[in-house]
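Everything below concerns the one structure shown next.
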Amino acid sequence: MSARPIATTRSTAGMPTGRLAVWWVIASEIVIFGGLLGSYIMHRLNHDAWSNHAANTNVYIGTFNTLVLLTSSLSAVLAHKAADAQDGPKAARFLFLTMLGGATFVVVKAFEWRMEIHHGFTITANTFWSFYYTAAGLHALHVIAGVIIMGIVAQQAKKNLELHRVELIGVYWHFVDVVWIFLFPLLYIAK
Amino acid sequence: MSDEHHGESHQGEHDEHGGTHHGNYVKVWAILVVLLTISVLGPTLEIKIVTLLTAFGIAIVKAYLVAKNFMHVNVQPRFILYLMATCLVFMLLFFAGTAPDVMEKHGDNWSKLPIDPSIEYDPHDAHH
Amino acid sequence: MAQTVPSEAHGHDAHHHVETFWSKYVFSTDHKMIAKQYMFTGLAMGAIGAFFAYVFRMQLAFPGMSVPGYGMVGPNEYNMLVTNHGTIMIFWVAMPVLIAAFGNFLIPLMLGCDDMVFPRINRLSYQIFLLSAIVLICGFFVEGGGFGGAWTSYPPLSANAKYNLTPLGQSFWLVAVALEFVAFLLGGINFITTTMNSRAPGMKMTDIPMVIWMIVIASILFMVSVGPLIAGAVMLFMDQQVGTHFYDPTTGGDPILWQHLFWFFGHPEVYVVLLPAMGITADVMATFARKKLFAYRTVLYTAIGTGVLSFTVWAHHQFIAGIDPRMAHVFTITTLLISIPIAEMCFVYIATLWGGSITLTTPMLWALAFVAEFLIGGVTGIFLGASGADIYFHDTYFVLAHFHYTFFPIAIIGTYAGITYWFPKMFGRMMNDTLGKIHFWGTIIPFNLIFIPLFILGAAGQHRRIYDYSLFPELATPELQAVRVFATVSLLVMLAFQAVFIFNFVTSLRRGKKAGENPWKANTLEWSAASPPPHGNWPEGLPSVYRGPYEYAHPDREEDYWPQHLPN
Amino acid sequence: MIESLRVAASTYASDIDNLITLIGVLVGFWFILCEVVFFWLIWRYRAKPGVKAEYVTGEEKSQKRWITIPHLLVLVCDVFIIWGAVRVWVEVKQHLPEDATHVVRVMSQQWAWSFDHPGPDGILDTDDDIRTVDELHVQVDTPTIFKLESRDVLHSFSIPAFRLKQDAIPGRVITGWFQPNLTGTFDIQCAEICGIGHALMPARVVVESAEEHAAWIAEKSATHLASATNP
């Protein structure tokens, strides 16, 4: 943990440097998912047959996962609240809850995929399924990355260190949640 | 980049300022769950317009709620909001420029060849 | 708080400064060291790219001859060489040197910071960049040879080994490019947040030197435009290695999609590398014309305007690539509109010379050459932006010559201007001006003699990426062959003169005349630090800013310069 | 400008060349103007001992004029160029000649061109079609429509003498036209990199007078069964 440069402690733009950086990360993520989902939507609207494929996705699992992510977002923001109250241990507890949510999401998704692959809906079955696995997979990678970073932040928060990071990882986590909020109708419920 | 706070404001990362006032998050969460239920039930009516409204209209509402209440976009400096908006606008621009080729089956002096239906309809020919 | 700063600076200097070789040169978090790492890596990659150019120019001039230092060039090797020449020169030379190297070196120094706001992310960004370079180079030697599908990597050719016959090379290339993007996303976040949040006390937005503005605008353009291509790269990788069909029309994919994803990034990318070069030129010209930059705000707004417009023009690269002909009109209009801000910038630069007191030092020569040569690149672009004319010029050597007249000024002239100008600050010594001028003329004259002939070849209808024209009766004429030979010989001359630069650089490092803090009598903050600046840049306390960066020849002052950090 | 380097052998070649000339004149004017002013300023304001530079902010209207006026003139030139470009583009890429009876199919693949000509019945896709490889036969002064396809990767159907260029995209049929107005033989190049053999797929277009073309069809259709049964 090297000493932080003086530059890092300035805030000419009127917000802490860390939060500013996270928003820039999110900006670049928006265009990544935007490009992928944009491509998906174009193909989807061009191929009527794809709604037949979409019919094979499991709405219940998708709904459950959405619920899990929404709930984990709640615990993430409660962790932020606790961190603002300078209550590191409490923030850490909420962060662990959030990580639990993320883990659940990934595990459920793994079972879902296993089932679908078992039915022959593999990534190469056709371009709908290619998009399905690529988009959801890219999102799942973000979830996993979020869980890992959150683990580190939580460890520090427990010792009341770097509490501002609780908010930063929270903002990222909510973004991942928002991405899923759009993936869910696109891949599951729109028939 | 706004010009207020000249010079070294030594609070910076350590204490949280920026006026994050914490509302009732559980309430927001409850609303989100209700919306989720609607968005799942809506398409079961099998009416296209209802599906679009519930599925995507509600997705936008949910995204708005999360961004406002959980990410606190509303209390960030304005340029954050503008930045996010700009990214979305550019994505729309990309869509508008690309759709005439990718989203169409034929256009001015060109047309796509029909796709082999076996690939299009039967998901079971997993390998080639 | 004026007192707290030095103590802080000391505290942190003291407690992590056990400098081993590794901590000082390899794993340093000091922005100046990272800048040098980026610069030397970029220049080394540049040498590789130049060698590739030498090989395929030799093949074109003397088809079938064994190229000295390489050997026989087969068609697959030729494709690999042109592909990677382009990829290297844009992604591994122009970007690391112009944005990463100068950005890392200048942003903290010109804004009066002790370092970037995220030093370790900064180091990580360089390490990922280095890894990407290694992956790219490994890709040349894998089974099946390096990827040869052109730097635009259009599918289906790039999406399927059964078409491009480089099963591993294609993915090495793709992964290298993707890693490079990640590196620059990390770097870009650092540049942007540092500039937005960590400016010296008193530094208003209009006190930021133009080069910083340009680098930051470039970073923003990069971050906002690269996303779709990253998504596209993921899809392309899936097509290559997993067997999906995102770009395969027989199963409902669409090859055009990649072209849009690529150029939606690819065109802003042009300005991503152009703007930093423009910024370097602005600073150098202001310094050696002893002149305030003409209409600072106008330059700033045109730069931002260019950036925004650059997102609306991408499909002019695809006019005849099978996009719907009706779209061509939209993109013709937007493309010609973008000539407005760029033209305005050139006018401003010319106007800056008005009433100046111009000294033709080596950096100034490079800066002036940038304007003079870039004008050629700019005006020839109009032919290609106009859809009707592009029908003939598309994918000919005219295009090639055009973008070399933009990228050479950007990546080579701009880089040399920057290196010769900031060398004293980077290494504490002056470069030899005579050798510098020899190198300048030995580069500029052959450069024009390389590419003006290529304009002629393009106008004669010669297409790109063809390794031997003997099969095309219209192009195999002795006259056209003579033109090719002429261009190649000019290239050899130009490459030979680069030795002068290397010699000058290396000898100046050791035996160059010691540079004081401010050898050029320039205004911006970096010249108020020691040369080279120590870790922390201003150990005795960070400077404050009292005026704009270009207050040269101010009437209220008898010296003709007025550094930003002086209270009066 | 272009005719001197490459013969113009189609009806719209001259339109494209004129557009190029128009652009050349307009941008050439600005280019020369800028360079002259630029180098004159460098010489005029070279450093002289004891002479201090002027302090010009460029923010006042009177000074800004010096860039805003030229900058508006550039805009005017742009309008002319856009007008010319759109006109040519519509003619070449969007309007197909109504009276075009002569239709050929151009099929590209790694690394060869194959051309389907209508047989004696003058209709494409009948069993008397004539398929040739790397050699396209067309009739002078006859508007000819081509249907461009690709079997594998992107190619580009380019005839510099006709000022014609169009990428071929697998999974798409792209229609275009040309009307040769000179007899003779011209190069067909592939202008889009298509793999190792990109340089090895040259083809020729043979522009014949009406009777030569008829003779060629007759001679080919004598053996059309052979060419039709093994494409």
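Chains: A, B, C and D, in written order; residue numbering restarts at 1 for each.
Keep this in mind: a contact is a pair of C-beta atoms (placed from the backbone, for glycine too) under 8 Å apart; a residue touches a chain by one contact, two chains touch by 3 or more.
Being a predicted model, the structure only gives us computed values, none of them experimental.
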| query | Which interface, named by its two chains, has the most contact pairs? | reply | C-D
| Per the centroid of Cα atoms for each chain, what is the distance between chain B and chain D, given in Å? | 42
| query | How big is the gap, in whole Å, between where the Cα atoms of chain A centre and where those of chain C centre? | reply | 34
| remark: chain A and chain B have mean C-alpha positions lying a whole-number Å distance apart equal to 13
| How big is the gap, in whole Å, between where the Cα atoms of chain A centre and where those of chain D centre? | 48
| Going by the touch rule set out above, which residues of chain B reach two or more other chains? | 1, 3, 6, 8, 10, 87, 90-91, 94, 98, 102, 104, 108-110, 112-113, 119-120, 127-128
| query | What positions in chain A touch 2 or more of the other chains? | reply | 4, 6, 8, 10-13, 15, 17, 24, 27, 30-31, 34-35, 38-39, 42-43, 46-47, 124, 126
| task | Could you list the positions in chain C whose residues touch two or more of the other chains? | result | 5, 196, 224-225, 228, 243, 249-252, 254, 256-257, 264, 322, 325-326
| query | What are all the touching pairs of chains? | reply | A-B, A-C, B-C, B-D, C-D
| task | Please give the residue numbers of chain B that touch chain A in the complex, ascending. | result | 1-6, 8-14, 16-18, 20, 22, 25-26, 28-29, 32-33, 36, 39-40, 42-43, 46, 51-52, 55-56, 58-59, 62-63, 66-67, 69-72, 76-77, 79-80, 83-84, 87-88, 90-91, 94-95, 98-99, 102-105, 119-121, 123-128
| said: Using the touch definition from the top, list the residues of chain B that touch chain D in their complex. | reply: 108-113
| Contact set on chain C toward chain A in their complex | 5, 8-9, 11-12, 15-16, 29, 108, 113-120, 185, 188-189, 192-194, 196-199, 203, 223-232, 234-235, 238, 242-246, 251-254, 257, 261, 264, 542
| remark: chain B partner, complex, touching residues on chain D are 93-94, 96, 149, 171-176
| task | Would you tell me which residues of chain C are touching chain D in their complex? | result | 75-76, 78-79, 148-150, 154-157, 163-165, 249-250, 254-256, 289-298, 320-322, 325-326, 328-329, 332-333, 336-337, 339-340, 343-344, 346-348, 350-360, 368, 371-372, 375-376, 379-380, 382-383, 386-389, 391-396, 456, 459-461, 463-469, 471-475, 552-555, 560
